[in-house]
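Below you'll find the structure, written out as structure tokens, and then a few comments.
Chain lettering (A, B, C and D) follows the sequence in which the chains are written, and residue indices restart at 1 in each chain.
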Amino acid sequence: MTEPLDVARLQRRLVEFAAARDWQPYHTPKNLAAALSVEASELLEIFQWLTPEESARVMADPGTAHRVTDEVADVLAYLLQFCAVLDVDPLAALDAKIDRNEGRFPAAGDRTEAERG
Amino acid sequence: MTEPLDVARLQRRLVEFAAARDWQPYHTPKNLAAALSVEASELLEIFQWLTPEESARVMADPGTAHRVTDEVADVLAYLLQFCAVLDVDPLAALDAKIDRNEGRFPAAGDRTEAERG
Amino acid sequence: MTEPLDVARLQRRLVEFAAARDWQPYHTPKNLAAALSVEASELLEIFQWLTPEESARVMADPGTAHRVTDEVADVLAYLLQFCAVLDVDPLAALDAKIDRNEGRFPAAGDRTEAERG
Amino acid sequence: MTEPLDVARLQRRLVEFAAARDWQPYHTPKNLAAALSVEASELLEIFQWLTPEESARVMADPGTAHRVTDEVADVLAYLLQFCAVLDVDPLAALDAKIDRNEGRFPAAGDRTEAERG
């Protein structure tokens, strides 16, 4: 029986993985933020010379699809490790942010006459 | 009764949020990868002049803690939107990556005599 | 009479500027590399939602043109400060790199029959 | 007889290099800004797990020194190509920015009694 995949379980695996290799001294919030930004750039690198249309078709090539998936994993890994060391709940943070953005950016159907101009 | 927060539900909220504002034409994989990398840099910016020790204490200041949480939300938002447009499962990607890394980086206790040298 | 602008003179101004404000302790190579990457992302942010065609016209809008020029200045400032603290000559580095790339990527006219296929 | 190295000459070499390989269609301002940011992250990657003290000694190791120099060249290459396609003068931009910053951040010796508090 496998438990369903969830963020808390993956975060626990990552923390145990780093602890078993004595990597915690390297995992300062600053270093993890740098590593997160480096991995996000590696994901962007795949797209840097592509047209918008080509960028929509990257998963059609198995080699590129694997690279994309691998970089997504790296970005998420460092984001979850960053959140673990600072005790930030990323899902609650995003939920609250979407709530705030719903106020800041009214949807087309929610705008008043005045806003639509 | 609120459903528990999970990635799939947040991803659905983000997709609906963008659709309600007609933002899909902007949400090419290339643009979302660029936005993800820009947000990861905004998180790094908070730490760029801090010592490792100062970086470990950022959550003690309420203003900085709010900024950190906000940037974490932005990074996760673009990562989930990127995954939505390319139909990548970020949790499965990370789970598979940790499996692979367990083979690549044996833990201290798992190393053979020969590897410990 | 003004001296012509050159990299060495600008680098000197930047180093004196930082010294006069006691900023050298913050200017470790690691911090300057982080700041350089943050500024490069701020430049990218201007373009993140633009089509290729719109991106070619950014200088037509005075506000955007000013923002682009300002971010270019910030990227160059941190690059030159990084090079100053590590005693790297950026112009010599680039000159040597172009030499190497001329070998790695033959120009259309320089390719042999065999390479053209 | 070699001309002295200067930014305008390197920029000319870069533009000719790209033209000889028919790379101009890829060199939109948006793509060059993305590539610049990717290269800046590759420079940061060298430093991501280093302490501030280790980061100050990177040039002592010939392999790392070569990697640093190579990434500096790449960052400068994309910055100059970006400036070439948008007709931005990077040295004038930086000179103007330092002028503005001298007003924004008074040096220790220039501060009035009131500012020193």
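Details
The rule we apply is simple: a contact is a pair of C-beta atoms (placed from the backbone, for glycine too) under 8 Å apart; a residue touches a chain by one contact, two chains touch by 3 or more.
Since the model is a prediction, treat every value here as computed from it, not as a measurement.
Residues touching across the subunit A and subunit D pair largely coincide in numbering: over half of the numbers involved belong to both copies. When the interfaces B-C and A-C are ranked by C-beta pairs in contact, the top one is B-C.
Between the CA-based centres of subunit C and subunit D the separation comes to 2 Å, rounded to the whole angstrom.
Between subunit A and subunit C the centroid-to-centroid distance comes to 28 Å (mean Cα coordinates, whole Å). Along subunit A, residues 31, 34, 37, 40-41, 44, 47, 52 each make contact with two or more other chains. Residues of subunit B that touch subunit D in their complex: 34, 37, 41, 51-52.
Considering their complex, residues 5-7, 10, 13-14, 17, 20-22, 28-31, 33-34, 36-37, 39-41, 43-44, 46-47, 50, 52, 55-56, 58-59, 68-70, 72-77, 79-80, 82-83, 85-88, 90-98, 101-102, 105, 107-109 of subunit D touch subunit C. Those residues of subunit D that touch subunit A in the complex are listed here as 26, 31, 34-35, 37-38, 40-42, 44-45, 47-49.
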